[in-house]
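My structure is below; once you've seen it, I'll send some questions.
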Amino acid sequence: MPQSNETHYDFSQEELLICVISRLLKGIEHVACGVSSPIPGSAALLQRKLSGGSTRVTILLSENLQFLNDGVTELFDCAAQGRIGAFFLSGGQIDGKGNINLVGVGDYPQHKARWSGSFGSGFLYFVVPRVILFREEHTRRTMVETVDFISAPGLSEPGVYRPGGPYALVTSLGHFSFDKKRGGFCLETIHPDHSLEEIQDNTGFDFTIADGLKETPVPEPELLELLRGQIAEEVADPYPKFAKVVWGV
Amino acid sequence: MIIYPDAESIAQAIPDGAQIAIPASRSGVAMAVTRALISQGRRNLHLIAAPTSGFQAEMLIGAGCVSIMESAGVTMDEQGQAPCFVRAVKTSTIELRDSTCPAIISALQAGEKGIPFIPMRGLLGSDLLRYRPDYKVIDNPFGEEDDPIVLLPAIVPDVALFNAPLADRNGNVWVGSTRELMTLAHAAKKTYVTVEKIIDDDLYKDKLRAPATIPNLYISGIAEVEKGAWPLGQPYEYNIDEPHLENYVRQAATPEGFAEYMASNVTMENRNAAE
Amino acid sequence: MIIYPDAESIAQAIPDGAQIAIPASRSGVAMAVTRALISQGRRNLHLIAAPTSGFQAEMLIGAGCVSIMESAGVTMDEQGQAPCFVRAVKTSTIELRDSTCPAIISALQAGEKGIPFIPMRGLLGSDLLRYRPDYKVIDNPFGEEDDPIVLLPAIVPDVALFNAPLADRNGNVWVGSTRELMTLAHAAKKTYVTVEKIIDDDLYKDKLRAPATIPNLYISGIAEVEKGAWPLGQPYEYNIDEPHLENYVRQAATPEGFAEYMASNVTMENRNAAE
Amino acid sequence: MPQSNETHYDFSQEELLICVISRLLKGIEHVACGVSSPIPGSAALLQRKLSGGSTRVTILLSENLQFLNDGVTELFDCAAQGRIGAFFLSGGQIDGKGNINLVGVGDYPQHKARWSGSFGSGFLYFVVPRVILFREEHTRRTMVETVDFISAPGLSEPGVYRPGGPYALVTSLGHFSFDKKRGGFCLETIHPDHSLEEIQDNTGFDFTIADGLKETPVPEPELLELLRGQIAEEVADPYPKFAKVVWGV
């Protein structure tokens, strides 16, 4: 895995992931993301620019990029009303059925490892139409056959009210779509410098492979220019540390 | 409504075993009262994070004040995992009631509305639901076909406890956009608030502040405590003290380190306060 | 979010048959839009008073624009009964959905939260419940013994329509303490607001106004209409025009009187607006 | 029925009723009333003064005497939380079981007479412990055997959650208590210049008569002084017209 400072590409891994995620947000009217999610947040801001402003971006707890003034209930009510088209979730473990685990490893409640908790996932995963799972670490530790604790399931029984759910999974190795009918992930693209074998070796769950499996498109020069200019400035507001490390702004 | 002289007197008003609703780390946390609760050796608290907590739950758990932790997340945010919380989970020294953010908030809103329960979408098929026997699933009586839905029992906390920017001498408390604090005060039987400043003017006569002011009807007591949320941040007032929290997380990586941190922060502060 | 030039353009955005949520007479009623709806001959409106209405419902009913009236009360307040409403009830020209204030508000809050229903205490044994087949009674699943409780289906109005003191050019709308307007905007599919004044400053950058501001996310359109609530009053701006309403009630005591009032108030205003 | 301007008492009917209602509010921590209820509102303000301020008074929609800033939901939520000890309701019809009708005369929905509607009664009557029914007109038109429409019932089946309900009925002729066990009104006092016979003639429902039935105590001179001085000034804020008519302030 090339580090950004030693890559032979003229873009960093962060920039690649931002562009991958940004493409997944096409057509979304309103995307929300957390204040500690700089790569998805940057992707949302890039997509806003590319959409000519028709994509609205809400970054929770950011001073200038949020709409909330009805307390913490508003994000959830807003999602329940269908006013949030895309959101990002992650997982300490993610399994092949799209189940995510934000709670811990081993048996509940006495875990071998305990994470922070499920936050809004047990609700947002059900109601936001396009949930993008984003986890950089792609290993058999994170991409597991079956999660130890289901913070939120990838699939629901017939009859369960579920306008939302997993749409894609983006990691440091590649990009999967989620096939709701089959109930599993499908590898769509492999990031530059990585291979199918590497992904298979590092994934604990079975997945299908897209007919047109290809390399993840590298960011076009114009996109990089945009990212490093205007978007970097915009990203610096909600994510100052990230913007400094990645773009030095 | 009582105007207390300091954080310590507010802590004294909160008994052992109280069910206390506390806001998320960024909403205005009564950290000075938290330290006083620890100094006073409060025990068996049932913390309800609305909907998550951080340093406040972490310290209270580390100091052995907590028996039940109900929350959608306990995290030191940028500083990482909450070490005492993680240790307490692994050794089962606290009872966990894991949930998801909107479930805790909805249940508090049910408490606010005086209704015994409130439905919520989501949760079905999760282990959160599996381990919450108090959450019930019914068939939506308004659904045309099978439509299972979760019902959450209302939460009516014994106490709501938080820090806010401003109050007046009548006990009206301005919270600005951190509206969840209004929900907490409405839902709880008693509400104690530390504020950065108590002003002489009536917040109710202030056309711009009144709409974001909790009426004293809901307030049991306030105390003026400058930097009452420190080392956490206070909306409208000051930012989080990151170096302090980074140092905390490093130190509290071991129980001994946590004891050292407490010795040099909590007890000392109390000694100072007593002087 | 569209900035419309006037009340008439907002009325044009509201179709025949729309389910429209409207606030109580003292909360900020879009009366200029109401007159425009009448001028434009809107039909089969389903009015949801949140939770009561007065002159607005009265005029729309009198002008034949309304097919369903859902409300906890229709009254001209100090001026007495609403004459067209009373006539329409007696002749069954509107379908009534009588309710009680908190039921309508709770059902809108359920709409706001995206839940299919919400429980409410009260109503049992009343004729309100008897004539509302859409309200269901279940046994409280959390009760220890028999504990019947009413479930109200959520209301998600097609349109919320009201008048407010202030908006900015981005469509953020300041409502002050009339917080029910926020609930209406959250619950409704589309929200149209006339405001007394559109300002250039961003209401979101105004620390004191932001907490009582409806974000433009929920706003479909605004129009600057001075005295948009007249002859009703507008909180923070002006009082009700009592002589006008007293005269109205006297005149509208007969259908002919109502027709005269309309001829000299509604059509004329529209003619002026078209000039 | 003597008019206030021709009475041979040195108090008006309004003053008498204010004092009667005020006594019914003793011990209440928080009483709420509507902006169009000047007699109950004045009684609440009088009781606040007599309680040394321990009775809190909320007058809805009044600028200086309300606590609401969470929209119209707050009054109802507040009552549901048990934070309102007393409230006032009225009725176009009131019957002997404490049922009130605010909707209309005759069959629903095509009434012979239609009133405004039930407002908050269908809820508040259930949850406010001390609901005082106040209706000045005491005739067989208002005090009926059975209401034509139950906006809110006086009594509930066993098992129904009902911390609240009718506590008393005050009219221009007298003051009744409500006996929840028996499920009916009991005449407690008869206002000066009126008789039991007059009340019986004008009441469409059966009621019991208190053992110690007596004349309604007339307002003490000190109370009248207080009422006409400080309280009149306070009343003038939420109820300017009323204060002007009754006390000329």
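Letters A, B, C and D name the chains as they come in the text, with residue numbers starting at 1 for each one.
Keep this in mind: a contact is a pair of C-beta atoms (placed from the backbone, for glycine too) under 8 Å apart; a residue touches a chain by one contact, two chains touch by 3 or more.
Everything quoted here is computed from the prediction, not taken from an experiment.
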Partner chains shared by chain B and chain D (touch criterion as defined above): C
Of A-B and A-C, the pair joined by more C-beta contact pairs is A-B
Cα centroid separation, chain A vs chain B, in Å, comes to 29
Separation of chain B from chain C, taking each centre as the mean of its C-alpha atoms, in whole Å: 37
Return the distance between the CA-based centres of chain A and chain C, expressed in whole Å. 41
Mind checking the centre-to-centre distance between chain A and chain D? Centres are C-alpha means, answer in whole Å. 60
Could you say which residues in chain D touch two or more other chains, in rising order? 68-70, 73-74, 76, 80, 127
Where in chain C do residues touch two or more of the other chains? 106, 113-115, 120-121, 147, 149, 177, 179, 182, 210-212
Show which residues of chain B lie in contact with chain D when the two form their complex. 112-115, 182, 186-187, 204, 210-213, 215-218
Within the complex, chain C is touched by chain A residues 30, 56, 64, 67-70, 73-74, 76-83, 127
List the residues on chain B that touch chain A in their complex, please. 24, 26-27, 50-52, 71-75, 77-78, 81-82, 85-86, 89-92, 96, 98-103, 105-106, 109, 120-131, 145-149, 177-183
Any idea which chain C residues touch chain B in the complex? 106, 113-121, 136, 138, 140-143, 147, 149, 151, 153, 175-177, 179, 207-212, 236
How about chain A: which of its residues touch chain B in the complex? 36, 61, 68-74, 76-77, 80, 102-104, 108-112, 114-127, 149-153, 155-157, 159-161
